[in-house]
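Supplied in structure tokens, the structure appears directly below.
Letters A, B, C and D name the chains as they come in the text, with residue numbers starting at 1 for each one.
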């Protein structure tokens, strides 16, 4: 029930933002903030209440809520949460609250509609993380897509239309492939179980495929949808444009959350539903992951547009996710979950910083920056923290994630893991380039000195910094919570025989 | 003959003739009720409607002249050839079926009416709606709105008017200059 | 009256084809409407013939429907013709290519 | 004692946190007290721990303290847990003690810098990371310290970030060490795959049982670890960052070179000695790398004109000695050389800092001169440092440690005449450039006026360090002399003894040769550089070319620039706009063109539409007729 409330609060909050802002334009943001915070407190409060029960062995599904929706087609309104969902939900609302905060002053026109879109995107993402009915999942998948399109297309930067179209077309293509795959799975399962047509995840888990080729095609349908979101090279092209053109909050949500839905989908659906089929393509997927790591890093180094640069680092970091998922090792998968969290926090923070810089300097070109440490020492120090996080410095969460992923992958394919490790050197290259170009060197002669952080910005950055350091020094709670949820993802393929 | 006339009124007269002959064919097929309707509605009402329009628009010799220009062999040859092919094919279909002799029998109006208000009652109602909509639509469209033009055309017209106004202003000036 | 149904159908076909030629070749909207009338007539004729062949009233019912529809069509069509003429001062369909962007 | 351990790294960490959060609000004295004080207290605690350790060796030979479990995933369990054994004790003593002296010195040195808080925050973090590195009981925690050291060196080398070359130097340092770090990381993966643990003790216990001596896996692992060590310790071929790292303030150089960063590689190899012993090939590589590095860096030091660059190359060279010692299995000699080197190198850098400060930031030694009279305290302490560096017999600490290395490079099982000879030549060169440095800076005419005398607070650390530079060697005498081996006894609780060859020539012969060679080097230096003669000597063309070659650090920078940097930049530049994007744009354009074609048909011509319909009907009917 708490899950329904959580999503409902966001949906209602979004609508009321829109309506209220018609009359009082400044009220919208307060409503949005309150709605997200309520949605955040719901699962946190629940967790505090039930914390002892969670670590109990054998109880993977923390909450399960199911009512019939369209019984004729076997569609139910089925929400459930396990450790993995729980962690990602927390991330969603944390970043959601911050994204409301960082659009506090940035958005000046159509604020109501803006917050409406923002909250609905968040609701869609939260829904994706808890939907356990494939039809419902697809529904939420689209819910998060369309408002995001508006966020980019209306409040974006100069080239926003192009970016928004590109984003929409890419992800929608994937979405349609997924729809086809869902339907195919639906019918195959229905025939097998003698007419019991259902979209329910747990029922579909029992589907067996007589034919390897069919299984592989259906699996690819899901996988392509997810790797477009992830994104995987060579399907990554929507990302730099969308990230760099979106407003700050949009970039934050894109990088921090939307990309995670792809990884979540792979872990939740592709691996458990098609263990053999995904084991059979594992090597190729890992290869593409590694290609993504290196290719993204190379491109990131070449960029001069700050947001674009950060966007390509996402491509690089998400390569690690792909590598880790298809290694089929518990260590690697735990690393992947960690990577999802830490990448969300660190890259999100970098985008927020880029947004703040743009607000002050009115440019995203790093060639026009330089020496900003002198003017803004606090921002410089924070940027240093997150740049270091992005290049995988220990103390900070990203290191643990990348370390575990590589450790797990090394067990499977040493060569790929070694090439991926080279990505660490490349990540140092592009990360340091950010610092060097933006904060070091001589201060450019600007008419007005840019201000250092305001209180609101301090709150945003303090949350993110605390999160990333906490994840770096004491990640064990995350691992414990997630552990049960991942078992289905890595145990089956081992039985399936992976070489 | 209808389709080849240049003058609209002539074409309409030939159309009337066509309708009348179709009516006769109906009669010979044993459908007197329909034959009557054919003559009343088509040859009566519709033709009259056309003639009204022709009169309102004052389509006369001028239009005929225009039509003559438009109706070149170049224009009608290709479509006619296509239609001829179609015709040939349809006739082929028509005669490829078995040629059994059928007794033509009378279908009286009573039967028609029974079927009309029996099994086709819904269709009748729909047709009623259609006619209603047709009347309202025609009345609405036919209202003589004066200058409510499409906005693109409006601009063009306004410019044209302005241009012509300018011309009118300049010409007298020239004349005055000449006079001086 | 042996082959009359087939004969009638043949006439209807010819009539339809003539109407089609008319629609295709004429540029004047009024003439096109007239041609459409002829085609509708041909269709109706085919219906009546078929109805009489199987001795069913349905053919004639259909003809009635066509008749009603034709009446509606002509009234709306002619109203449109009037408006078009008022606005564009022409009857030529080729001059009315506003659909093209 | 165990409960005291966490405070050693925690105190500098506390300083870092406070300074980085509130640094701008604190006044300068508070900043200085906080920055230097935390490290000093840590040093005091270390000394307490050390005394306790020396009195009664704790059970198992080590103090250890589990702080918390970092993460447990699958079969990998990593704790944040500290462990201090005899080897670590040497390192933490040096780190905290020399670190504290450097901090005290910095409190005066950086007094006028407006970013003093940032400076002390970074320094404290540096000390903290290095302490974690050496106190870690597992390799992941060590890697944390390892990377933390890299980060701090980056922060401190680029401390004066406004000058572009400084931030470039910082980037270079970070990147090159990062390459080594990545190799180390891969080594860790391989270790974990083989042994299933990353705990150091467990590894050392497991390794002999799991690996066969000289097996390919163990060779691979040790080579990877070695590359990691080479990156941090600036050994060939990853040495190029260190000379550029002089861009930071002088105390930073002292900290990097003496107490912390560059010795990390030595620590790693000494710590993982159990693995290296299983792989004789790698041991040989270590020795050869060390020998080559000490020669190459020594030659480069001969040609430099920047006082700090001379010292930097000398550091590379001295670390080369340590690697050589490690490679021949002279574990305790290597650590002992680290021990003495820390004192005199810190001293030399700090003294150089004073000189540079006094002469308006003049770095070129040929613009100095005649400082003997003007800055006597600095002169005397610097002299002590230089003597130790050139290993003057019996009066300096450097002699005892370097002599041990020379002796073992011949006499140990892994040693050979060639290695010994290279080390000997290195000793000669070291003496030569030390003499050159002393003579050019402190003798001769004064070329730049001295504009300020050093603070008392800066001189006191110098004096303390000078004292240790002379006396630190006395705790370990060669076997044939007084036979006092306090140091090696202590260290050999952890490290194995050196395996010796049979039938060796007498040890005193080697000591005599080494002493003579060193004195020869000093003598040659005096003849060349005393008075004006040195300048003339340098002008001859073939020497000038060699000098240029040495000056540029054997052209390693240019080589890497050509092999790696330029192709990389080229690659990234041509692909800036992402080739794959073209493909999608191609699809988009194709669909636009198709749209163009089809939109021609939508021209609003009614008759054309009807023809289309007609054609369709025709097509269908024809189909039906034909089929």
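One rule holds for everything that comes next: contacts are C-beta pairs under 8 Å (C-beta built on N, C-alpha and C of every residue); 3 or more make two chains touch, one makes a residue touch a chain.
Since we're looking at a predicted model, the values are computed, not measured.
Taking the mean of all protein Cα atoms as the centre, the chain whose own Cα mean lies nearest is A. Between the Cα centres of chain C and chain D there is a gap of 95 Å. Distance between chain centres (mean CA atoms), chain A to chain D: 38 Å.
Between chain A and chain C the centroid-to-centroid distance comes to 62 Å (mean Cα coordinates, whole Å).
In chain B, the residues that touch at least two other chains are 79, 82-83, 86, 90.
Counting only residues that touch two or more partner chains, chain D has 607, 611, 614. Multi-chain contact residues of chain A (touching two or more other chains) are absent.
All chain pairs that count as touching, in label order, are A-D, B-C, B-D, C-D. Contact residues of chain C toward chain B in the complex are 1-6, 8-11, 13-22, 24-28, 30-31, 33-35, 37-38, 41, 45, 48-49, 51-53, 55-61, 63-65, 67-76, 78-83, 85-87, 91-92, 98.
The part of chain C that touches chain D in the complex is made up of residues 20, 23-24, 27, 93-94, 96-101. Put simply, chain B touches chain C in their complex at residues 2-3, 8, 11-12, 15, 18-19, 22, 25-26, 28-31, 33-34, 37-38, 41-42, 45-46, 49-50, 53-54, 56-57, 59, 63, 66-67, 70-71, 75-76, 79-80, 82-84, 86-87, 90-91, 94-95, 99, 101-105, 107, 111-112, 114-116, 120, 123, 127, 130-131, 133-135, 137-139, 141-142, 144-145, 149-150, 153.
Within the complex formed with chain D, the residues of chain A that make contact are 166, 233-234, 236-237, 240, 298-299, 301-303, 329-331, 334-335, 371, 373-374, 377, 381, 384, 388, 393-395, 399-400, 403-404, 406-407, 410-411, 414, 417-418, 421-422, 424-425, 428-429, 432-433, 435-436, 439-443, 473-476, 479. In the complex of the two chains, the chain D residues touching chain C come out as 599, 602-607, 610-611, 614.
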